[in-house]
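Next up is a structure, given as structure tokens.
We just call them A, B, C and D in the order they show up, numbering each chain from 1.
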Amino acid sequence: MENNKKSKFGKYGGQFVPEVLMPALYELEESYKKYKEDPQFIAELHDYRSNFAGRPTPLYHARRLSKEYGITVYLKREDLVHGGAHKLNNTIGQTLLAKYMGKKRIIAETGAGQHGTAAAMAASSIGIPSEIYMGAKDIKRQEMNVYRMKLLGAKVHTVTSGSQTLKDAINEAMRDWATNVETTFYVLGSIVGPHPYPAMVHDFQSIIGNEAKAQILEKEGRLPDSIIACTGGGSNAMGIFHPFLNEDVELYAIEAGGSGLKTTKTAALHSASLCVGEDGVLHGARTKILQDKYGQILESSSIAPGLDYAGVGPELSRLVDCGRVIADNIQDFEALEAFHELSQLEGIIPALESSHAVAYLKKADDLGDLVIINVSGRGDKDLNTVMDRGI
Amino acid sequence: MENNKKSKFGKYGGQFVPEVLMPALYELEESYKKYKEDPQFIAELHDYRSNFAGRPTPLYHARRLSKEYGITVYLKREDLVHGGAHKLNNTIGQTLLAKYMGKKRIIAETGAGQHGTAAAMAASSIGIPSEIYMGAKDIKRQEMNVYRMKLLGAKVHTVTSGSQTLKDAINEAMRDWATNVETTFYVLGSIVGPHPYPAMVHDFQSIIGNEAKAQILEKEGRLPDSIIACTGGGSNAMGIFHPFLNEDVELYAIEAGGSGLKTTKTAALHSASLCVGEDGVLHGARTKILQDKYGQILESSSIAPGLDYAGVGPELSRLVDCGRVIADNIQDFEALEAFHELSQLEGIIPALESSHAVAYLKKADDLGDLVIINVSGRGDKDLNTVMDRGI
Amino acid sequence: MKHIADAFKRDKALIAYICAGDPTPDATTKIVHALIRAGADLIELGLPFSDPIADGPTIQAASQRSLQAGMNPDLFFDLVKTLPKTIPYAVMTYYNLIFHRGTMTFAKDCRNHGIAGIIVPDLPPEEADELGEACKKYNLDLIHFIAPTTTPERIERIIQSSSGFIYLVARLGVTGAREDLEDRTKSLIQQVHTDIPKAVGFGISNPQQAKEIINAGADGIIVGSAIVDMIARNTDDINKAVEEIETLTRKLKEGITR
Amino acid sequence: MKHIADAFKRDKALIAYICAGDPTPDATTKIVHALIRAGADLIELGLPFSDPIADGPTIQAASQRSLQAGMNPDLFFDLVKTLPKTIPYAVMTYYNLIFHRGTMTFAKDCRNHGIAGIIVPDLPPEEADELGEACKKYNLDLIHFIAPTTTPERIERIIQSSSGFIYLVARLGVTGAREDLEDRTKSLIQQVHTDIPKAVGFGISNPQQAKEIINAGADGIIVGSAIVDMIARNTDDINKAVEEIETLTRKLKEGITR
């Protein structure tokens, strides 16, 4: 069987899944190819994006932040998307596709609960049952999002295996999918997983960059010098980077530096797979991952639950290897500082994930004169975390 | 001194405030009249509305809700406004005006914390210090919003007088204003208070109705048969009603029926001032208010903190008297049902306030075939309340 | 029954505020007697309202004590009726209580029970037509305020529609005892040119302040929170309050008597 | 060293899975001996991975026990070296462990320590080129899967790239003992036409199931979770586990022997 070149980003990507899922991946690829050109699908997607999700989101000139750093800073306002993060861009796309494919239910994994909530939201509005897998540890620390999912009609499964966090929730969702693959659509939450997920999620999230490009041209008459996005799996980053890949714009993927780039026997104190991860295979794709010397996956760590993942999208691994995207990381305490800074200077409480991107303003050497930061989500979900650390 | 006709809505409205504030009301009226025609003010307001608040908000065709009720239901999505409610439409306007007027600080009252948060957001982005008055009882039950305000850099004052809720917070804000009137702008949170507040807030909130009118014409080629909005002070209601006042559209102002339209010696078990309130003077204006037989103000009550107020905008009192707006009320338990219904059918978790408007779909006799419901805010702030009552 | 103007006839006037029914109607009676003994020329009786936006913490608390003890407009007038009529009385209350009773009824009740003037902190002249007519009909004075923020033209117009006395607000803000006196208080007094007596209130608590105000040209001083504070401190020993109030009132009276 | 093919030479093959090092390397040695005594024809040794997506709760737990006890690829090969070579062994593991060691190194280690085949549940043929070459070089069989969802054309292509045996997945989902047998398992067996032996796994736990599968035309059965369950229940008395496993294995062997 010949190697599936189209499923790869250079050496990264691929389809490392059990045979039982392979036909589903082909079916998904075919269906996606078909429906993404289907005028009715396109129209319905556009309707949900505009009227349900609230797109386009603004590109906001952050006057006071700009003054603080002596450059012009724009914020791409994904925090205003329904549900509170860019995640809905993707779940609407995938859930609509599930409906067109005649699937009877969707499943999704979730770490912080943002993707799970977004999946549940898309599922109820589109009218398809949803079940969400979430690690027992995450369920405890993200009580409100669990409750939101239930309110939205989703069934939430507690995952007690492994480290009881996102990685294990993905494992469990894949097991469910393998069991119910004929009737079930697995709505993956980032540009990770086996082909065609990274490509498909990338497409659904590219709306961020497409809007931002038109908006910055309209407002400033030129492209930005750099774009900063936080990076867990990488979907908000690739979403905003994509239309700028062939432009003269520096792209910064900012990972969670946690409490420093150190590692214990079974756990990393960070989630910086692009920065210090090694080539490996996780959740269906070859990419940079956090692993021990034998290839066992390390637990990851971050104050931002949405960044707390041992892998990263294969496309980003590629782009970092070839130098097109610069990977760096921000530690918990720096992200917290930026969280407070943006709240006080601009009246926008960013998600702790997005705070990593904001924090890079301070850490960066030279971003040029015109910068876009992707504010991937709002921080309401993080208030308890920040409160616990003191205001 | 001749009676100030322009400050009245029929017999309602007026300027019942201490002399020390009268010159400030005239100054405010003059400044507002001047700046609302000022191209720079208009442009800046438009910029904040679009890029900070996220306007226009969508008009969403709620397919599954429509099916459930056999009519076509659209939702005006104020839940997507930055901060989570329509409140920011108003606070941006007033805070910008404060800046143009050269004021050095803004103050605001808040009940649920939504207006306070919106005021703090506007203040930080516009760059002016903010202080928020909030009743001690409300501070206890709305911990997260208190924290949001502090994060945004606002100073929050605990009001321990009276019933320690919204009405007392307004009293206290007025006292602060009387003390610091020369340097301070009082950002009022609804279409209440002395002239020119009701007219000014009405103007700032009319963006809701202006958008909705254009949107429904574009989508349906005709005006709706009815529009439903929840009503505390009445700002989201008047905001969406206004451009339809001279059209053949039924307008429903839905108040909080609490646990029934009964009253104890010092407290109403509801907040239905339009439905059962009596003519009186509160917080600077003549309007319908909840009062005892001597004219003492009653404490009000509602599961929705934003509706929990003993008064209502004078303009609405007028419109209800003359039959142009129909007032009705929804009890706590009905609002809770609607909260769950909208979450599960449409993937939108409404504010408990807005849930009152949604619930009216079920209670109403005949709304016609095409209905717009104003979803004034999102329900994230209410999760604890609903949780406490059981899912 | 005395008129408001009588308070200003002999000498500079000492106007005392207490909240009727704080902490009980009986206490109010005792305190009124003491005030009269000590030389008060006019007593402002507060009719407590649930939401007193122009008052600071002291008078808010007094209002709450009084309401909690059951005070209401009916009882208020009953109480007033029993008070000695050797000096004039004004009622100080918020507009909703008047509006709700009906302006005519309220004015008539005042007249019938021995109230000579009405002071409404949330009723600027712009909104006072209706109550003004009722006052005219029942021969009551409707007292207006002039504040430090009031513009010169506005001062003129307020003077035009005033009778009894004009209530000059000593400072920005709400009622409440303070020790200092602002320069702008004095300049405000000097700005208001009229034959109608000018009494200054808000924050006056000691003889020194009182003297300065009179020296600056005022015809009277109004003392409220300083007196109410004494009640608040002695709600369980009202005789002690009466004593303290009598002493303070005497000193204030001395302060304004040349 | 035996080859995978040897397992299918005499009779229908009984293939037993255990996770190496669960709960200790010594236990594994004892269990392997018991399996051989009871008639197992091929042993699949699990090299535990932190994130076993194709496994159900039973084998996940086994992997965790083994990892917790310190199992790693180095120790794995050390352990394998000591096992009796009267039957062939296959290693069952996830691709990242192989990839991380390097496919060539991994294959060479297999060859040098007595492993004849490699089974990788997350490595479909599309991704198997590199490991396939390594296996060819070191004369190992790379075992592929056919699932109930695999299309006819795909079955053809998988057969083309297979050697040793073909792993037929009895049902949708993950590993785990079950009592029933689905009709589609039998039809899947009948759909796969090849000379390469077909062994059926996923959910086989009793002699009745085993017999039916063989009757439907399979060349072997694979039993994993049923055996691992016995270890899980007796981690503190491994001799008891050994006994139970030996009994079950005998019965299964009888079930598939005509």
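In the analysis below, a residue touches a chain if its C-beta (ideal position, glycine included) is under 8 Å from a C-beta of that chain, and two chains touch if they have at least 3 such contacts.
Small disclaimer: the values here were computed from a predicted structure and weren't measured.
Chemist: Give me the chains shared as neighbours by chain B and chain C.
Modeler: none
Chemist: Roughly how far is chain B from chain D, centre to centre by C-alpha average, rounded to an integer in Å?
Modeler: About 67 Å separates the centre of chain B from that of chain D.
Chemist: Report the inter-centroid distance (CA atoms only) between chain A and chain B in whole Å.
Modeler: 35
Chemist: Would you identify the shape of the chain contact graph, picking one of line, ring, star, complete or other?
Modeler: Drawn as a graph, the chains make an open path, so a line.
Chemist: Which two-chain combinations qualify as touching?
Modeler: So the chains that touch one another pair up as A-B, A-D, B-C.
Chemist: Which residues of chain A touch chain B once you look at their complex with the stated criterion?
Modeler: 47, 50-52, 54, 57-61, 63-64, 77, 79-80, 82, 84, 120-125, 127, 144, 147-148, 150-153, 340, 343-349, 380, 383, 386-387, 391
Chemist: If we count contacts the way the header does, which residues on chain A are in touch with chain D in the complex?
Modeler: 1-4, 7, 14-24, 161-162, 167-168, 171, 174-175, 178-182, 278-284, 286, 289, 291, 294-297
Chemist: In the complex formed with chain B, which residues of chain C make contact?
Modeler: Within the complex, chain C touches chain B at residues 49-57, 60, 64, 67, 72-74, 94-97, 99-101, 121-129, 144-151, 154, 157-158, 160-161, 169, 172-174.
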